[in-house]
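You will see subunit A twice below: alongside subunit B first, and alongside subunit C after that.
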Partner chain A sequence: MINIEIDGKLVETAKGSTIMDAAHKADVYIPHFCYHKKLSIAANCRMCLVEVEKAPKPLPACATPAAEGMKVHTHSDMAVKAQKGIMEFLLINHPLDCPICDQGGECQLQDLAVGYGGGASRYNEEKRVIHPKEIGELISTHEMSRCIQCTRCVRFGQEIAGIMELGMANRSEHAEIMSFVNSSVDSELSGNMIDLCPVGALTSKPFRYKARSWELSRRKSVSSHDGLGSNLAVHVKDNKVVRVVPVENDAINECWISDKDRFSYEALNSAERLTRPMIKQGGNWIEVEWVAALEYVANGLRQITQSAGAENIAALATPHATFEELYLLQKLMRGIGSGNVDFRLRQSDFSADGKQSGTPWLGMPVSEINGCDRFLIAGSFLRKDHPLLAQRIRQAVKHGAQVSIVHSAADDLLMPVANQAIVTPAELVSTLAQVLKALASTKQVKLSDEIQALLVSLTVSDAAAKIAASLAGGKQVAVLLGNFAQQHPQAVQIASFAEQIAQLCGAKFGFLGEAANSVGGYLAEAVPFAGSVHGMNAAEVLENPRKAYLLLNVEPELDMHNPQLAMKAMKDADMVVCMSAFKHQGLEYADVMLPIAPFTETSGTFINTAGIAQSFKGAVKPLAEARPAWKVLRVLGNLLNVTGFDYDSSEAVRDEALKGITISDKLGNLTSGVKFEVVTSSPAALQRVTDVPIYFSDALVRRADSLQKTNDSAVPCVKLNNSELQKLGLQAGDAIKVTQGNASAQLTVQADEGVPAGAVRIAAGHPATALLGAMFGTITVERA
Partner chain B sequence: MEKIKDFFKTFLLVELLKGMALTGRYMFARKITVQFPEEKTPQSYRFRGLHAQRRYENGEERCIGCKLCEAVCPALAIKIEVAERADGTRRTTQYDIDLTKCIFCGFCEESCPVDAIVETRILEYHGEKRGDLYYTKPMLLAVGDKYEAQISKDRLADSKYR
Partner chain C sequence: MLSTHIQDQINRELKKYPLDQKQSAVMSALRFVQDEKGWISTEDMSEIASYLGMPQMAVYEVATFYHMYNLKPMGKSTLTVCTNLSCTLCGAEDTVAYLTAKLGIGFGEVTADGKYGMREGECMGACKDAPLMTINNKRLCGKLTPEKIDQILAELDKS
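And now, the complex of A and B:
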């Protein structure tokens, strides 16, 4: 620690830190533009010039290391003169269009110009003009003339997003920020550049001219998308969400959010919103009052309970639902005597149910990821499924960590990957077994006899050996399983072997939560093996069709592991009740549509993948007749005479559900009593590798217009590697027919060297591929 | 002494005569009353009367929808909605002034960066129903179009003090 003096205040600061850091500690504000605490130091705006005693010239506070005994003056005549001079230079080329600028009112340049700018300009020459360029659907560079060349966006791309999509071309007055020729900014974190831009050069395209900053009410919320639970500030004007920005929380999302969190709000105002309860009568949908709709549902469920038994009713909920909704749904179901309730819609292997030591979770606090030096990530489309967790891993890699991947697709993770084993889905388990074998021999540890017997005949591949070597050399290791691994038909085997690997190298072992309440769903007991009444899981209720289905914000054709089966079950059911925020394909098979409120219109709780429960309040009133789902379920409970449904707030529901529970005690990733199995033979046919593209993953993002126009939302293609293409006599771009089960789809084929031989990658979550069937399994590809 | 004075005042009518003297003086002084519809008082070029929205000489509306007037209005009389026009410029889709709320403080005019919203010299306007004084964008533009000559003359006269 060293001591320095800033404006007469003595501060103790760490060795190697800058004057800016020290000033921050001393609560002294030094004006700045290019400095950002999460980005590298550029010192190119020069706004932070300060006077340092004994230094001949003013020095930039952001780039000058603090030294023992240094005396800094941030508001002396010399410093203020320097800052005013810099401001005059910055304003030379900055257009005077604050009245029409979307940044107006929240602009750093505008704010500082009040303090340091002149009353009038001395510059009478022509101003620089930069012609607008298109860089995609999310960010507008229409007014690039406003740029002050701080390069925050460029550094963000290089350092945080992992891909430099914007750069500064040319020199001096001709310098301008642009993307590579004709390319757009496609990063899944790109929206953060809008926040970073200290002026209005990069602005949000969907928000363009929608509101001025002083008209907005800022309300805190939590993201309903990925398992991280990013903290959001929802900006509201006239009871309408017009913008979403991050709220800083170093333990979760730092100061970033993904584009999914940022731009999905467009769906809230979509024309597809369901606004009134509807009942289907004689094939026609008629709008009814809430009372009539709920009576209809209650009567229907009562009749089915009496005629066929409560076990003929099943409830499926999206893992993006709030904790309270999930809790009430399972309470309602168990209250009427059915245990058929599940939220793990895309999961297919349920053999660990009841054998887990607790709720599968990340296995460590989110911030600990940054400190790990070895990662084994198995079965994860990491970057697209968990944009911000990927960002944390990227930071760890930058500080020397090694990442090893075991997966069925070699997507670019935008970070150096030390080792990767890209294998077909059927080989995932055996690959992990190989890593285990290699690791055991490196560490000279004897595994249990059961596992030893399985591993004897296994030959360790080069990739597996390298992964094992990398893991063995780590001090703090993390073994993480992604969505793909959790959706895999042998998910439990994958988890068991990964757990063994983690044990051998003393690693933290965890699951990357797919959705906002992937952990919350278990804690709410919205699973068939918990609570007082047990029942069937999400796969079983489709394989053994039930007479009635209660869907909580589920679109079976897009959200389920096997949409083909799900649709059949829905169509054959006597009664399907859709609680949904949107009109969707349910109109074809449902009997009742109940409009429920999305997360901005209801209060609730999301329990993130690290087990942190975050409650939030509604940011706006529910649209038209839509109502929070917890209220709908509460009334339904009353109508069905289930006891204990007298809540008057969602907080009461939460408090009841979490009464006497410490969440951290309930978390656990260990599975006991699973018989290890390694299948080494692969099927001869092509195996399907399924990803859920980032903007098809839940009901909200699917309806966010701007996100749907991005490159990530293109109609899914069939991806095969070149050797498979040749074998099939196909060329990239050909129209082909893929057949899975008894359905087929017409798609185009694309070459992708990242797909292993013997596999074919087809996305789920899109109507074009919805009828194909299960996310895993064999599939035939032929010329159309 | 005071008591004696008051006693004489009670019957000598001194106050009355004083008052009548003042009245008598004004009876013969020059009259300043204006016979309003026929005669008018002179107005300052800074007079703050009915609002108008102005256009540029090429016919383009000046207002860019920055909403500063809406923000500054102490009576919350202004309501603005903005959207991007087909040519990419920022324009209002709604610009209403509720003249029954307006207190004619002139802040809107003061805050306008493009001199779009102005207060004219017009004071004799009326409405027969309450809603008649809710001025919408076309009404304000119509006022501006009609009185542009006077408006621009007034702005010019005031410009050296700004």
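And now, the complex of A and C:
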């Protein structure tokens, strides 16, 4: 620690820290533009000049290391003169167009110009003009003339997003921020550059000219998308959400959010919103009052319970639903006597149900990721499924961590990957078993006889050996399973072997939560093996079709593991009740559509992948007749005479559900009583590898217009590696027919060397592939 | 695709740098492309980027920062006329006027037959030979007079 003095205040600051860091500690504000605490130091704007005693000229606070005994003045004549001079230079080329600038009112340059700028400009010559360039649907660079060349956006790309999509082309007066010749900015974190830009050079395309910052009310909220639970500020004008920006929370999202978190709000105002309860009568949809709709539902459920038994009713909920909604849904179901309730829609292996030591979770606090030095990440489309967790791992790698991947696709993670084993889905388990074998021999540990017997005949591949060696060398290791691993038909085997590997290297072992309430759903007991009444899981209720389905924001053809099976079950059912924020395919098979408020229109709680419960209030009033699902379920509970359904707030629901519960005690990733199995033979036919592309993953994002126009939202192609293409006599660009079960889809074929031989990658979550079957298994590919 | 010749040259260049610092060779790589093709296209930059394992944008930054890289075709012979102080004092303007009259092109333009392009250059550090120009950044021609320019162009016409 060293002691320095800033404006007369004594501060202690860490060795190697800068004057800027010390000033933060001393609560002294030093004006700055290019400095950002999460980015490297560029020291190119010079706004932070301060006077340091004994230094002959002003020094940049952001780049000057603090030294023992230093005396810094941020408001002395010398400092102020320097700061004013810099401001005058910055304003030379900056257009004075604040009245029509989207950043006006929340612009750092505008604010600082008030403090340090002159009343009038001495510069009468021509200003520099930059011609606008297109960089995609999310960020506008239309007023790049406003850029002050702080390079924050460039450094963000290089350091945080992992891909340098913006850069500074040309030189001196002609220097300008742009992307590589007409290319778009595709990073899934790109929106953060809008926040970082201290001026109005990078602005949000969807938000442009929608509101002035001082017209907005800001409501805190939590992202309903991936399992991280990013903290959000929802900006509202006239009871309409017009923008979403991050709220800093270092333990969760730091100061970033993904583009999915940021731009999905567009769906809230989409024309597809379901605004009134509807009942299908004689094949036609008619709008009805809530009372009528709910009574219709209650009657229907009562009739089926009486005629066929409550076990003929099943409820499926999206894992993006709030904790309270999930809790009430299962309470309602159990109240009428059915345990058929599940939220794990894309899961297919339920053999660990009831055998887990607790709720599967990340296995560690989110921020611990940054400190790990070895990672084994199995079955994860990491970057697209968990953009910000990937970002944390990227930071760890920058500090020397090694990442090993076991997966069925070699997507670019935008970070150096030390080792990877890219194998077909059928080989995932055996690959992990090989890693375990190699690790056991390196560590000279004897495994249990059961496992030992399985491993004897296994040959360890090169890749597996390298992964084991990397893990063995770690001090703080993390073994993480992604969505793909959890959706896999042998998910439990994958988890069991991964857990063994983690044990051998003293690693943290965790599951990357797919959705906002992947952990919350278990804690709410929205699973068939919890609570007082047990029942069938999400797969069983489709395999053994039920008479009635209650869908809470589920679009079966897009959200389920096997859309084909799901749609058949829906179409054959006597009654399907869709609680949904949107009009969707349900119009074809449902009997009742109940308009449900999305997360911005209701209060609720998301419990993130690390087990942190975050409650939020509604940011706006529900649209038209839409109502929060917890209220709808409350009324249904009352109509069906289920006891204990008189809550007066969602907080009361939450408090009841979490009564006497410490969440951390409920988390646990160990499975006991599972018989280990390794299958080494692979099917002869092509195996399907399914990803759920980032902007197809839930009902909201699928309707967010701008995100739907990005490259990540392209219609899914069939991806095969070149050798498979040759075998099939196909060429990239060919139209082909893929068949799974009793349906096929016409798609275009694309070459992708990242797909292992024997596999074919086809995305789910999109209408083009919604007729196909399970996310895993064999699939036929032929020329159309 | 980068020609095998260019790849060979880059590979030789790469030996000068640590294995994880391949991007150090970017300036040379751009030069090799320009030497062979006369200019550097967008595809060339992309290919250099993937060859050196660096972002395309980073290649583009370098290519646009330095004046001597031609990012569009600049004729078989690119004449870069220095217009900085010493050359201007010694008659750079006359050189430019003469070239323009003779070839019918101004700065940044190429003759219709694609033989010549003219660019404006900065001080080449050879002011003692002012006024001067370079040919394809390689050959320096100083103490220019109309006669000398005629002679140089006649030579280039033949080659």
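Everything below uses one rule, namely that the second predicted complex is superposed on the first by the 784 of 784 C-alpha atoms of A that agree within 3 Å, B and C clash if a C-alpha of one lies under 4 Å from a C-alpha of the other, contacts with A are read in each partner's own complex, and residues count from 1 in each chain.
Heads up, the rule we're going with is that a contact is a pair of C-beta atoms (placed from the backbone, for glycine too) under 8 Å apart; a residue touches a chain by one contact, two chains touch by 3 or more.
This structure is a prediction, so every number in the text was calculated from the model and none was measured.
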| message | Based on the shared subunit A superposition, would you classify subunit B and subunit C as clashing or fitting together? | response | fit
| said: Going by the contact rule set out at the top, does A:100 touch subunit B (first), subunit C (second), both, or neither? | reply: first
| query | Given the touch rule stated above, what does A:283 touch, subunit B (first), subunit C (second), both, or neither? | reply | neither
| request: Check the residue A:180 against both partner chains and state whether it touches subunit B (first), subunit C (second), both, or neither. | output: second
| field | Which of subunit B and subunit C A:164 touches, first, second, both or neither | value | second
| task | For A:644, select first, second, both or neither according to whether it touches subunit B, subunit C, the two together, or no partner. | result | neither
| note | Rounded to the nearest 10, the angle in degrees at the CA centre of subunit A toward subunit B and subunit C equals 80
| Partner chain(s) touched by A:400 [first = subunit B, second = subunit C, both, neither] | neither
| task | Have a look and say if subunit B or subunit C is in touch with more residues of subunit A. | result | C
| task | Check the superposed model and tell me the shortest C-alpha distance between subunit B and subunit C, rounded to whole Å. | result | 28
| said: Shared contact residues on subunit A, subunit B side and subunit C side combined as an intersection? | reply: none
| said: Touching residues of subunit A toward subunit B in the complex: what are they? | reply: 98-100, 104, 142, 208-209, 212, 214-215
| query | Inside the complex, what are the residues of subunit B that reach subunit A? | reply | 64-68, 71, 82-84, 88, 90, 113-114
| request: Under the touch definition given earlier, write down the residues of subunit A that touch subunit C in their complex. | output: 158, 163-171, 179-181, 183
| Which subunit C residues qualify as touching subunit A in the complex? | 42, 45-46, 55-58, 60-61, 64-65
